[in-house]
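All chains are identified by letter, namely A, B, C and D, in their written order; residue positions are counted from 1 within each chain.
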Amino acid sequence: MTFGVDAKGVYPIAATPFNADLSVDYDSVDRLTEFYQDAGATGMTILGILGEAQKLEPEESLTIARRVIARSRVPVVVGVSNPSFAVMRRLAREATDAGAAGVMLAPASHLRSDEQIAAYFHHCVEAIGPDVPWALQDYPLTLSVVLSVPMISRIMKEHPSCVMLKAEDWPGLEKISAIRKLQATGDLRKFSILTANGGLFLDFEPERGSDGAMTGYAFPDMLVELDRLHREGERDAAHDLFDAHLPLIRFEQQQGIGLAVRKYVLMRRGAITSDVQRSPRSSLTPTGRSEVDYLLERLARKDPRARL
Amino acid sequence: MTFGVDAKGVYPIAATPFNADLSVDYDSVDRLTEFYQDAGATGMTILGILGEAQKLEPEESLTIARRVIARSRVPVVVGVSNPSFAVMRRLAREATDAGAAGVMLAPASHLRSDEQIAAYFHHCVEAIGPDVPWALQDYPLTLSVVLSVPMISRIMKEHPSCVMLKAEDWPGLEKISAIRKLQATGDLRKFSILTANGGLFLDFEPERGSDGAMTGYAFPDMLVELDRLHREGERDAAHDLFDAHLPLIRFEQQQGIGLAVRKYVLMRRGAITSDVQRSPRSSLTPTGRSEVDYLLERLARKDPRARL
Amino acid sequence: MTFGVDAKGVYPIAATPFNADLSVDYDSVDRLTEFYQDAGATGMTILGILGEAQKLEPEESLTIARRVIARSRVPVVVGVSNPSFAVMRRLAREATDAGAAGVMLAPASHLRSDEQIAAYFHHCVEAIGPDVPWALQDYPLTLSVVLSVPMISRIMKEHPSCVMLKAEDWPGLEKISAIRKLQATGDLRKFSILTANGGLFLDFEPERGSDGAMTGYAFPDMLVELDRLHREGERDAAHDLFDAHLPLIRFEQQQGIGLAVRKYVLMRRGAITSDVQRSPRSSLTPTGRSEVDYLLERLARKDPRARL
Amino acid sequence: MTFGVDAKGVYPIAATPFNADLSVDYDSVDRLTEFYQDAGATGMTILGILGEAQKLEPEESLTIARRVIARSRVPVVVGVSNPSFAVMRRLAREATDAGAAGVMLAPASHLRSDEQIAAYFHHCVEAIGPDVPWALQDYPLTLSVVLSVPMISRIMKEHPSCVMLKAEDWPGLEKISAIRKLQATGDLRKFSILTANGGLFLDFEPERGSDGAMTGYAFPDMLVELDRLHREGERDAAHDLFDAHLPLIRFEQQQGIGLAVRKYVLMRRGAITSDVQRSPRSSLTPTGRSEVDYLLERLARKDPRARL
């Protein structure tokens, strides 16, 4: 499986684990890399917002990237979005040199008109180089930039190196259908669509034509199983599995504290040693933790494989 | 039960039904008013965003308000947010004259600093009059205005006529706890907190101290039952009921098409005759409708009372 | 001179004068209407932001529109932008019935993508009617919506009833040139361009191809003279006149207090009786007034016709 | 003269000169450093937005900072605003180690409520260290963050290391007066206020109590002379000088192409060799250049010292 227009399956967005003294916990980095692969991931995405990329020194980012890539048997995609094109250029070059399969780019939040967006991605591709495969992140809720279907089509036409849409518009189901329809008629070239939005619509997105998931939900094994059920046409079973996880999926998908929830669950699952974050952070209060514990208990009753 | 600092229970946000020719369907207005009351609502909120208020002529708004108020045995709250203070003043006066129990106000989306927000609500209260009880809508996701706990405290201190917080910040659980803590220590006066956000966190919000729900979810009867279970301390039963509805709750809570989903479900439940909207509208495609149908089927299996 | 694709000259944006008791001062409305026409205006724009339209009751707006139109010997354009299409429809119909030459529309501030903007103006034209001539306001600084040249071209192609661009992008000189170039090659149909932005670039805009000014600067007589000098190719004289007024033009062009400055100058010039505003207002402090007085003194020394 | 609460005079915002091959032109860096000092600057600000900081590799930034600091006889302030606190921390440490007198910080553009802004600056000061003097940039037009007078007071109270306000709110005159009044009554501690906004209100700001200018206007010698006239109470002469430069000041203060105008004028004045920018850039068209040339000709007639 390569990172290209045929990519499918599950690309977890990886957290970055820290030690109690806030240094990078490289043992947990290794453990987490194995955890995602054992879960059946077909790829990995590192150094995104969820990965606390903005709290890392450049040398740390590079060391993490090299460590994950060295240990990974699946393609690794590296987030390189940055307000500085100089920084973006360096990140992309270093990640590629380290063996990354590709990079991920999001539109800068000040962009408004389609012309501005088009110009922005021309500068991005100039920075990362025209041969580096990349995923386009469509996440208006957080990024404040709206990419219409014609705008996505334009980006895909102007940049053959864009191989994937990370679809997390909200609502987004009709958008997937609209893109797939354009591709079916030949009006738009082929590319992969992995969906995100914390997985909040993963019960219907594959039915609309998506190829898989790219999200940081702390049960990537369930995402893989869900993907399998969808592929095999087990609609009811897929929805049953999804519904069992939805209360937790929904709880994780809270802007700001989602990272805290995910790190806490990953810690409880043994994938990382500590759920500590670097500053600035949004931590779970004791009440918040007990709510997650309660959701995990309920989940274990509904999906025995999710037992901790 | 009155609309005041002791308000509790369920205040549905009412849709506005139209006939096929896009005139107001007053029979359905009546039917919907009965529907909400039969469901056990303790109040009603009309002419909000969900009620397509901005697509109504002033005379229509007034006629609807009078009609609902005349038929309602519970307090009716009228949305009066408007960029024009002149329009807000008139709406508030007319609604109050018609017998409304109070009004609802949201911060205008251009507001940024706390000083600007404070000044804005002074102008609002000047417009609606200092004796009209009102609910403060805290909905940053849609309104783009962030109300911190100190800011909410300031508004509550400066405006004794504000009796309710419509809490729909996201994440919002800690905010409810923080407010309740300030009230417990006497640092903040008493007021009601009803939660919204489409009901997406109604499993935990009452545990944090909220008094009920103010949302347009198309199963208000379930909201009433959920409220009862919470009050009686039936935690597991409350979560079971909530989890059964969560797939639909989540589906409704899609910006833009949420109204289409709700009107469609209300129509299927017989509460209104047609799910037509006035322009501009975001309609459900046939695929979207079939997804809602599928969710309704699944819901009926989990919660027999939700059978259509 | 009609309001159409050939419109040129000066369309002042009219203030709305109030009495000390905050009722509309209709005598001053009449006086101001004469003032603008005596100054040589080729049209007038009323009920815009500067006209405090949002502080008027609907009946007041209509009465003002009728009064101005009845007394005006030049075309009157009425601002009808409103978040409610129902209100916009009514305003446009009433204004047109009252004899308005056309209306002005601005994009709603929540719009982002080109697709959203295109859909918005379709709804607008549906609301005002396809036969009502209108001016498109391009003012990203205040409206937060960016209209690229391709987007403006698309609007002009899709709506033959749009006859004018009120150009106040910032920077905006190259945009005027780009549009005129498209029109010269036949890739874009003809329409009028009047510039605004408080007049801050009126020294160069006509050299780039604009047809005149649509702004509330309190010396419309100077705008008319400036327009004449530009038309007659008196470049240095035009810039001399502009430079003499620039300190005041710049002072007026302060978001928020610009209206206060303009009403104060209009009052000092005798065009209106009082500079009072309805709430919410940003008033001039005594220091602010003395600064305007000082600028007026200096202006009178440089441009004797501007003597009060 | 040190960078502290008593700072006054003119702190030019320095451009970053490049060679034709887009490498940093260190000879011009040296020349520009001399140019600003010869002009009478009391300090310098480098690596801001105007300095194209985001287009520089980290090593380049550091080399430029060291080079300017080594040659400068006045305090050098370094812009360290960055979405990554890790990057901000490193920039601040390296700049301080290199001998910078202090740093400049702007609020991140996603901040809304006063609580968020307060938390942000706590993280900033944690990152740069509590002993590093810094200037607070108040520039809502570009940064989208509104700092009210109470918010500025709070920041000043919570952070003794903040020694300066770079005031560029718009309108901003009353804000300066309000702050100076609070300081006069002892309700707010002393700090320096330098004004920016391209210099667009430098005729009145010193009369309101500002201590000088921090802007990139390409005639820093004029800013120094203007500062002298204001200090000596030569009001009319100060306004005469300002008015002569206002057409160019206004032309430079165009978002996006302001940098192009300034580099072009600096090149024509011989302070740098080339006006080339790194990508992404907004260049002057030939027409734009000829407009600047025309403004320079007119300026030279009004202010002989501005002759090129």
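Please note the rule applied: a contact is a pair of C-beta atoms (placed from the backbone, for glycine too) under 8 Å apart; a residue touches a chain by one contact, two chains touch by 3 or more.
In this text, all values refer to a predicted model and were calculated from it rather than measured experimentally.
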Equivalent interface positions on subunit A and subunit B, same or different at half: same
When subunit A is superposed on subunit D by its C-alpha atoms, the rotation angle in degrees, nearest 5: 180
Subunit B-subunit C separation of Cα centroids, rounded to whole Å: 39
Between subunit A and subunit B, centroid-to-centroid distance (C-alpha), Å: 33
Distance from subunit C to subunit A - Cα centre to Cα centre, in angstrom: 48
Multi-partner residues of subunit C (at least 2 other chains): none
Touching residues (chain side subunit D, partner subunit C) in the complex: 141, 170-171, 173-174, 177, 200-201, 203-204, 208, 239, 242-243, 246-247, 250, 254-257, 285, 287-288, 291, 294, 298
Contact set on subunit A toward subunit D in their complex: 53-58, 82-87, 90, 109-110, 119, 123, 126, 279-280
Residue ranges of subunit C touching subunit A (in the complex, touch as defined): 112-116, 140, 144-151
